[in-house]
Amino acid sequence: MGNSLGKLFTITSFGESHGRGVGTIIDGCPAGLAITEADIQRELDKRKPGGSIATTVRKEADKVEILAGIFNGKTTGAPICLVIWNQDVDFSEYERIRFLPRPGQADYTAFMKYGGFNDFRGGGRFSGRVTATLVMGGAIARKLLKLLKIEVMAHTIEIGGIRAKAKGLDEIRENRNKNPLRCADLKATEEMVKAIEAVKKEGDSLGGIIEGIALNVPAGLGEPIFDTVDGELARALLAIPAVKGVEFGAGFSAASKKGSENNDPFTLKNGRIVTTTNNAGGILGGISNGMPIIARVVIKPTPSIAKSQPTVNIRDMENASLTIKGRHDVCIVPRAVVVVEAMMTITLCDLAMRAGLIPRVIK
Amino acid sequence: MGNSLGKLFTITSFGESHGRGVGTIIDGCPAGLAITEADIQRELDKRKPGGSIATTVRKEADKVEILAGIFNGKTTGAPICLVIWNQDVDFSEYERIRFLPRPGQADYTAFMKYGGFNDFRGGGRFSGRVTATLVMGGAIARKLLKLLKIEVMAHTIEIGGIRAKAKGLDEIRENRNKNPLRCADLKATEEMVKAIEAVKKEGDSLGGIIEGIALNVPAGLGEPIFDTVDGELARALLAIPAVKGVEFGAGFSAASKKGSENNDPFTLKNGRIVTTTNNAGGILGGISNGMPIIARVVIKPTPSIAKSQPTVNIRDMENASLTIKGRHDVCIVPRAVVVVEAMMTITLCDLAMRAGLIPRVIK
Amino acid sequence: MGNSLGKLFTITSFGESHGRGVGTIIDGCPAGLAITEADIQRELDKRKPGGSIATTVRKEADKVEILAGIFNGKTTGAPICLVIWNQDVDFSEYERIRFLPRPGQADYTAFMKYGGFNDFRGGGRFSGRVTATLVMGGAIARKLLKLLKIEVMAHTIEIGGIRAKAKGLDEIRENRNKNPLRCADLKATEEMVKAIEAVKKEGDSLGGIIEGIALNVPAGLGEPIFDTVDGELARALLAIPAVKGVEFGAGFSAASKKGSENNDPFTLKNGRIVTTTNNAGGILGGISNGMPIIARVVIKPTPSIAKSQPTVNIRDMENASLTIKGRHDVCIVPRAVVVVEAMMTITLCDLAMRAGLIPRVIK
Amino acid sequence: MGNSLGKLFTITSFGESHGRGVGTIIDGCPAGLAITEADIQRELDKRKPGGSIATTVRKEADKVEILAGIFNGKTTGAPICLVIWNQDVDFSEYERIRFLPRPGQADYTAFMKYGGFNDFRGGGRFSGRVTATLVMGGAIARKLLKLLKIEVMAHTIEIGGIRAKAKGLDEIRENRNKNPLRCADLKATEEMVKAIEAVKKEGDSLGGIIEGIALNVPAGLGEPIFDTVDGELARALLAIPAVKGVEFGAGFSAASKKGSENNDPFTLKNGRIVTTTNNAGGILGGISNGMPIIARVVIKPTPSIAKSQPTVNIRDMENASLTIKGRHDVCIVPRAVVVVEAMMTITLCDLAMRAGLIPRVIK
């Protein structure tokens, strides 16, 4: 249960960190959409640890393979199955800590929920590696949103308490790909790099905030009162491990504003109704209003740290301490940027289909 | 579309602010649960404007009527239909401003989505009045959670930038019902009252933050990776008009913490595994860990203010200005507290049913 | 659980035979559709016992009331709530037989499923009266299908073993409304009437077969492999109490045909691809092929008969015998015709929406 | 859309006849269930053409491979992914007839629905080969139903108009596996074999009827009014290509019975309430009554025949004739028996989970 998302454009995720592989089924994609493995690979590569200072995890080729649903380079209307085979799977370390749940990870809750039958190796189903299945789904959705000229982009706006300066859309679009932290404020990036290096030495980790922006979303997406743009986005974004909160537009800062400050006045611009501010983050009453959709998510600091931590041996029911060995991202924020993009893309694609904006056959 | 929530315990909301009434269908409630109209009325009454300083809206009896699904005082296993008939429905004002979408409200987006066919009177389907349908669903869910000894309570923690001091559970439980703002910090409450009085004179409004707490939730609720406790809660909470963000546990503050600070160490307490801190807000990997579930939502300042605001006449496509007359809540935070409670209750009830914790017949 | 049907055009049924009333929520109906209570009443009236020889049940006005979702005579995009208030509710008889489950009825299974908490009066939720909620949903769906020029009509083809001769579409369209049995073969109708009169004297009952036909359904409806036209229709038709089987096109007779006899050859007709026979009943691979969709359902003989029947007293767990008093339809086939039509209409409407054929706003 | 079935026990089917392979995702299977590839292979092998007289299709090893969700021989609670790689894929013939839709097949409707982008090779997504994905799902569900001691078995009761004599449960259980036609009446089997041999010489094909029986189903399964046992079974069974009708218990024969003949009287047997007949097929009001569930499906004669057939060239829009070469089952009824079993098993498993009868962790 719980491994499918979406009503008309549906993704189903499967696979574990250290099993045969991880994969995605996309059901509901219109027929006739041109898709190559390269299209999907391009997105997957953004998720790679690469040479980033923040990340040092295992080296996986993460090569996508299309198993079904695409024929002669185009979608067929049948479910699309995409898979990445696992290769670099050393799980001796996980055998050692099997009964020592890592604080901040899902080890304990998975053990409780699945009666200890869960695949614990590398976090199994709860591994960050599973986000690759989301990115693959996002790569397909991105192609569909392109038909509507909707652009979704995310960028790092905070790491370890260091906040990036607000930047214009063009600067964000350009700068975020210029640096390994995917931050548009290159000055702040330098400070973030220093902060990451410092905690790395301590064997500790950092979190941060990612902002996702969707441009050219037409007014009218979202199905109130429950299947709202914000509700659906929040649910999808919280599927990303480590996300602990989501806000839209002014978000939590709205709590200290007055109505007259927070309301976005309507005005005409080139014959189109726009708002002069965007505290609503493009969403009113759960429906898109045509302004940029702005979502922000907080990523908690990576729970796997080198420092010793108190835990409980769940087999022997004894207090214990745990030191996690091996390779871990000091800060996953930069790698999560592409996942935030994927989840926003998938969600908006599904909502666009529900609103009848995407044809069933692409010609 | 979009008016149903839940997989096994499903609520469907219907009705408009100025139509015949508003109502809820609850499908999936086990048979044999004792329910009276008084049980539901008690929750509805908490949503009432009452004598609160913050609220001055229309006086509705808001009397619930059971239309179906309850027989001899007990649920039958058939869908439960609860309705509140509308009485106090003066909508002359809404005719006047029909083509002048109120900034911060759903007038414009509803107009765009439904081609102008939406019932615009009093915000129609987007009225805060529709939250009564959520509260009714919550009243049923609350009875079911009681069987599991799960307690859900919400309280105001911030209004107009004034933050309440953190209080213990007992103090929250007791104090929040002692004052009209439903805040456990009685000192802060006084300041909040002053802030509300001040903006009221200005014809302006205030927002705030509500914290919801669920106690005694067993470990193991939530269906990763998409139907997580946090994802489902967020989606449900964002159905409340004016909520612009949701966070769990440490929430956005986790962005500036180190992993060693944010991780909650496990320890044994009376033979049970607990965490010594609760930055996770009771949720790890989307699954409850047995600690209190802590969710916080931001409520934007009431968009309906007395001040003149710029808008666009959507019939004539001309810039215009709008002054809203009539009765409006200066700050809906206190009334939203019960709605936050309802949405958490409904969501946890559905997740408990998915986890197989609630029998199909209550004996 | 189980009281909602449809993915984009969703109906939720509620209410019991002897409670406050029965009703329907329709969620997902496009905005701007003109709907009056008269439109719905017209369909409801077809379900009335009327002066038919076959039926003698209680006299209910069955007046529909619109509670939500329609404003100024048009749908708003919000959920539509339609209700019929119960009036003629004498349930003394049901108290008497409360623990004597009627053979062929749902008394026993409802008792087992809901632990005896079900509203047993008049069959409660399992009453034929609940089909009025389906007919109301069908009345809305019919208006939407009209936009696509799709026509759905059902007619009686067999009662008590007497089979009507096959008739042309025009004859069916015309004749079925000319006689209380809704049969297009007026000769056979006479025999059916005699058969009904005969069993009525015996205190017994009869069943029959209804054929539903959908014309002008475009090729391409249906979502294989599970949400097929035939699968969705069958599920919807089996929601009608007393239906015990569904077949499409040649149906069960295909078992004794050869492939060369059963295959429908394709040919061109006025530049359009058609089949020269229609053994497929308009459905190939779960997808409509543009030919008339032909579904046939068997209605079992009314289980409520005047004859004494063996049963078990479920309170005392003793064998017992039961004689049901009161008014009962000798043959519900004629009244079920409109319900078959409703279920086909609702299902095709939902499938047409999934296929993207119905706009979200009707202009 | 449409490739998932089930609410709590969900299967998602993917893959095409001549692509990389076909597969199934099972989401919602409880953790701790022992499953080996052999368990699944055993069911798959029943679907094999084998040495049967009726079938001569391509020789595929049809070896299942577990890709996810099973760890150390037990389910983990994560989605299970099972795949069969395609091997014997000669599709030159299909290129030849690409624009000549085969009568009785989904070629034409798939072309229309997916704008010609569907994978047409071997019927692609509409191939009988896809039923292997259903059988794999059924193999898992069967293990779960075994926990409840529910037994599902299907057998051939008619081929080419030759009807098997009714047999007792023991005889069915034993005999159906003794002969390639999976018929319990060994005498009738001989006649069926002769009929098949005869039409084979003509280059023609035969259909038939399969009966599925579920034993030990507890009373109380099914969620009226839409998610009924019969409705859900029918929808699932109609996912099997070539099924054109479904009936329960007395089925279509009920149309010519009187109520007094068709009603199943209740009586006590060993302290348990049973019915003395089973015209209801174990289902009353959409809910199981504890008696054997009896479903019958009609399988149309295999549409792929060697005889020349009229069709239309859909590229050139010209009448044409088609002779299909290659290997085809003369009668797929025997192979469909295991698929009927699978679909009944999957559906009852899902309904048992909804009724709360299967724990979330198997210990």
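Just so it is clear, A, B, C and D label the chains in written order, and each chain counts residues from 1 on its own.
Here, contacts are C-beta pairs under 8 Å (C-beta built on N, C-alpha and C of every residue); 3 or more make two chains touch, one makes a residue touch a chain.
Bear in mind that the values here come from a model prediction, so they are computed numbers and not experimental data.
By the residue-number overlap criterion, the interface of subunit A with subunit C counts as same, with over half of its numbers used by both chains. Ranking all chains by how far their C-alpha centres lie from the centre of subunit B, first place goes to D. Looking at A-D and B-D side by side, the one with more C-beta contacts is A-D. For the pair subunit C and subunit D, the distance between mean C-alpha positions equals 27 Å.
The mean-CA centres of subunit B and subunit D are about 46 angstrom from one another, to the nearest whole unit. Averaged Cα coordinates give subunit A a centre that lies 39 Å from the centre of subunit D.
Looking at subunit D, one finds that residues 1-4, 8, 13, 110, 113, 125, 220, 354-355, 360 touch two or more other chains. Across the complex, subunit A meets subunit B through its residues 1-5, 13, 101, 103-106, 108-110, 112-113, 125-126, 130, 158-161, 199, 202, 204-209, 219-220, 222-228, 230-232, 234-236, 238-239, 241, 244-252, 254-268, 271, 273, 275-276, 279-281, 283-290, 298-305, 307, 309-312, 314, 317-319, 354-355. Residue ranges on subunit B touching subunit D, taken from their complex, read 7-8, 220, 354-356, 359-360.
Residues of subunit A that touch subunit D in their complex: 1-4, 8, 10, 12-16, 19-23, 25, 27-28, 31-32, 66-69, 71, 74-81, 83, 110, 113-115, 117-119, 124-125, 360-361, 363.
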